[in-house]
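The chains carry the letters A, B, C and D, assigned in the order they are written, with residues numbered from 1 in each.
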Amino acid sequence: MKRLYPYLTGGITEDWTDYLLAYQQAGADAIEIGLPFSDPMLDGTTIQQASDRALRRGTTIDAILADLAAVRDRISVPLFAMTYANLVFRDGPEVFCRRLAEAGVSGLIVPDVPVDEADGLSSAAEAAGVDLVLLAAPVTPPERLAEIAARSRGFVYAVSVLGTTGERDELAGTAAPLAARIKAVTDLPVLIGFGISRPEHATAAARAGDGVVVASTLMRRVLDGATPGELLDDVAALRAAVDQADQEVPADHAHAEVSGDRG
Amino acid sequence: MKRLYPYLTGGITEDWTDYLLAYQQAGADAIEIGLPFSDPMLDGTTIQQASDRALRRGTTIDAILADLAAVRDRISVPLFAMTYANLVFRDGPEVFCRRLAEAGVSGLIVPDVPVDEADGLSSAAEAAGVDLVLLAAPVTPPERLAEIAARSRGFVYAVSVLGTTGERDELAGTAAPLAARIKAVTDLPVLIGFGISRPEHATAAARAGDGVVVASTLMRRVLDGATPGELLDDVAALRAAVDQADQEVPADHAHAEVSGDRG
Amino acid sequence: GRFGDFGGRYVPESLVPACAALETAFREAWADATFHERLAELRSVYAGRPTALTPAATLSADLGITLMLKREDLAHTGSHKINNVLGQALLAQRMGKTRLIAETGAGQHGVATATAAALFGMRATIYMGERDMARQRLNVFRMELLGAEVIPVTAGSRTLKDATNEAMRGWVAAVEEAHFCLGSAAGPHPYPWLVRQFQRVIGEEARAQAAIQPDVVVACVGGGSNAAGTFAGFADTRARLVGVEAAGGAAMTHGRPGVVHGYRSMLLQDEQGQILEAESISAGLDYPGIGPEHAHLGAIGRAEYVTVTDDEAVAALRHLARAEGIICALESAHAVAWVLRAAGTPELPAGSTVLLTLSGRGDKDMATLAGVTE
Amino acid sequence: GRFGDFGGRYVPESLVPACAALETAFREAWADATFHERLAELRSVYAGRPTALTPAATLSADLGITLMLKREDLAHTGSHKINNVLGQALLAQRMGKTRLIAETGAGQHGVATATAAALFGMRATIYMGERDMARQRLNVFRMELLGAEVIPVTAGSRTLKDATNEAMRGWVAAVEEAHFCLGSAAGPHPYPWLVRQFQRVIGEEARAQAAIQPDVVVACVGGGSNAAGTFAGFADTRARLVGVEAAGGAAMTHGRPGVVHGYRSMLLQDEQGQILEAESISAGLDYPGIGPEHAHLGAIGRAEYVTVTDDEAVAALRHLARAEGIICALESAHAVAWVLRAAGTPELPAGSTVLLTLSGRGDKDMATLAGVTE
């Protein structure tokens, strides 16, 4: 089954956990929760705005984790935290990972901690029982890709494009070849993220990998005031798009389709 | 008899020659006529403004000399032109001096042609029958002073002060010693100019030399709109002040008085 | 790029190969005599090096010390920034890059980068906070005149911190054709090291020029490239090394360890780990981080870091102008201010010989200063 | 001070002894090795000399010539003006003067004079046209920062011509304590000669630095001090000397002989002999006269004088910025414009080797240029 991991910026609204429940109800296989940082270097405008809004609301990691703990018994899908190194290292990775685990977060994605800098965080995550997900990019060379795949836990995050998060008109041609390269060196699921903006992107990406992470396109809706109910519909549409990939096409066809120029 | 040479900027008003007649009527011994130049380096604010106004009226040397020719038969006192080198050299000093003489101007003062640069002008003036008046300053060294005195014609112009023309609160302490130094080396009349702003200055300066040139204080009045009749009164007052020097005090007393600090 | 506990390469995976390639290229270039020759040639025939070492006669007499000023204000484009960009542009050319991307605060590094791009026939894209663009309109104009594209950054505080984020984002998106020409001794490995190597010409020249070896070497520190370059020339001497921070941007003095812009160092941050905005009158010191080498030099006690207020810096700029006829940058004025304050105290005893780097000229700050004065 | 039919000392008697004393002092100083040593020291440790000679690689390739740029833009305070004021300040000090008086147009000479006064602990009084003060507010601020008194001149066109008159008036009134630090190779004897001697370091350095001796030596000319200094280094060679005037201030091309500001030379004047106002976008060339040595060099055919329009100068400034990464002063851009126009024509045949003096940097002109552009 192809996977769908929608993203939500923690603390974006007072009742932000309602969106989590909606995501789950719409068929999310797991949810990525952004812990907002003042300087989100890898994020495009949408996620920057979402982080800013959450921080201006006065949200903190403590508050987000407390909110999560409060809905913990209603959430059955895995939760991944996505944030930046400075928040992870603020009180040390051990403390940070333990707090995640205590709040029911089972995975962690830190885009500015590449594999070379991941030693301490990796052990801390493992000790706390948290999966440290590593990212691979189209420019990652083969040997390094193998190392990333080997050290990643939970899944491998395939960054589809050279660029930041953000809505795009089409899925990058680099997405499918990267997913294929990663799948060749690991049995972990490979999820494709960055720029999955429309259901057809999700279908195409899901064909190439094991599923998709969708962030900016959803957060754009949240920023524009869409309700959890409306987001439920959005995620349901993505769910259907992802499932379509599962049903229709053998993997090597899919590969051919998304890697071509779709102008 | 002590002399009074009042100054008027040529072409300052439409009927500027009326001021000449007033000056003469009030007892001027000679009149200095400024031929306005765009860059009157040695003149203070008042004469600058007067030159500017005359030039903005569109006056020219030709126009001024034509105006003079028109009143020539009513003027009996000598006329000295005062102007700057560029106007003198524009068509060559010969042409310039001849034009002066033709208009009835008998003398010429060019403050930016010091004795060292005066050769050509000196011969041209002499050929045209125009007296080239040279200036001496408080800083002029003795040998040079003797040369200036020897080469000056008509009178020697003693620049009373290190500074430009312009009204001042008191007569400079440098005036009388300079006049005395010049008188020691020449039989020409020595007229003191620059900063003779009040009748009492005129009295003191006339005691030290053979007379005074008065310019800015009169031009201030003209600029402020005083009529020829009013200027007649001003010049008459100066006349009285100058005459007072003649009557009262022997020359060496005068010298002592003006050279002291008059606080 | 690693200095004890500090430095590192905390960047998105998309940038790791580019950083690695840059490191390799730099190592090769640095070992290549031809590269050094070309760099030396550019410094000499183009950038105006060596810059003068000026004895500050009046100040020395007034303060009872011997003060020498290393005059980066005389370098082409008006600051030490040119040293770094010429090196990086030469390196980028060697790597086959056709475009330079840079962040800028006051615009000095942006102007320097635009200059190098023009000289090398490359495109330049300069990210600058919208607020800084408004404050430094003439530097924006200079960059555009040099053919650079200046991109306004509207995120966050709209200053250098945000411009740096945006430049790195821009680099992520153009990593194959573009070289990120980072302006300070900060950022991911190899930048802090590479920038310091390109700036060490300051310290090395000064050391060779100084008739008496200094007891104290002082420079202002924002990200810290002029200080790093100056200190590098005296690292193996007994000279005290003093870095002067802006009181409102004193990452070393008031910060704590953290990670931003790809490196681990001392950072101004709140209890939550959110990066704080710096507040300095000097745009070049208006930055919440400090180069990792400084964090290390401070940690091991090899260098000292002190702070100076906006008011002290403004007064020092005026004092230097009147005493020596040199209008230095507000950044550099921080170093001057410390000397003025410390001279004759146990911090800087009478009789000391002091070498101070004037990182740049003050023309860019006249509008700011006129505002303060009026 | 006398160059054929030109030059001389057309000043009020009050100034003659001061001019004579200055001449004597200068002759003595110029014959004194100690004076030259001190001047050389100041140039080197303070003013950033020698300035670079930059091969303009891109322009050379594009134009089919070999173009070398003498970089006075890199000198302290941003132009060649510092060469002259350091010499004059040293001379004034030797003469026991305690104050410098100067005229300024764009403010570059005023800033340089204020700088030298600060360095030598003298007072400085700078006369500047009110209109120029409004156009160059930041230079006014720089002068005041350096401790100079800036006196607005409200007479006439309220520009350099009037500031010069007023400075000479100020000198008349303070001739015993003050030295008139004239900024161009103009004015009464000995100024044109003295200023050229202090500026000849430009030409002499360039000649020593140039690998190939130039066929053509080109510089912009207002009063003409940078050109005089440049030409002096090549007077005894076969190089063609080309002075480039602003079309709106082309005293050599459009003027006729006359006397102003103490010297006889070519002047812009009307039929009556009234001095005309020049009209150039470049404040430094916005002057109706030209130094008498240029008038002489033109008269005897040793140098050629050509003109360039405002538009050509602005375009040349942009062209140089993009091609070589150097933003030069609008004044200097006139020289660049002529080369751009003439290269490849019989005026400046392909294959020529050209030495061009960039008299100053363009920072001061950014506001003007932004106005032109917007």
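One rule holds in what follows: contacts are C-beta pairs under 8 Å (C-beta built on N, C-alpha and C of every residue); 3 or more make two chains touch, one makes a residue touch a chain.
Keep in mind that what you see is a predicted model, and the values were worked out from it rather than measured.
Engineer: Quick check: how many Å separate the C-alpha centres of subunit C and subunit D?
Structural biologist: Spacing between the chain centres: roughly 34 Å.
Engineer: Averaging over Cα atoms per chain, report the distance between subunit B and subunit C in Å.
Structural biologist: The separation of the two C-alpha centroids amounts to 65 Å.
Engineer: What is the distance in Å between the mean C-alpha positions of subunit A and subunit C?
Structural biologist: That gives a centre separation of 37 Å.
Engineer: Enumerate the residues of subunit B that touch no fewer than two other chains.
Structural biologist: none
Engineer: Can the chain contact pattern be summarised as a line, a ring, a star, a complete graph, or none of these (other)?
Structural biologist: line
Engineer: If we use the touch criterion from the header, which chain pairs count as touching?
Structural biologist: Per the contact definition above, the touching pairs are A-C, B-D, C-D.
Engineer: In the complex, go through subunit C and note every residue touching subunit D.
Structural biologist: Those in contact with subunit D are residues 44-48, 51-55, 58, 71, 73-76, 78, 114-119, 121, 137-138, 141-142, 145-147, 317-318, 321-327, 363, 366-367, 369-370.
Engineer: Contact residues on subunit C for subunit A in the complex?
Structural biologist: Residues 8-14, 16-18, 155-156, 161-162, 165, 168-169, 172-176, 257-262, 264, 267, 269, 272-275.
Engineer: Touching subunit C in the complex: which residues of subunit A?
Structural biologist: Interface residues on subunit A, with respect to subunit C: 37-42, 44-45, 48, 52, 55, 60-61, 84-87, 89-90, 111-117, 134-141, 144, 148, 159, 162-164.
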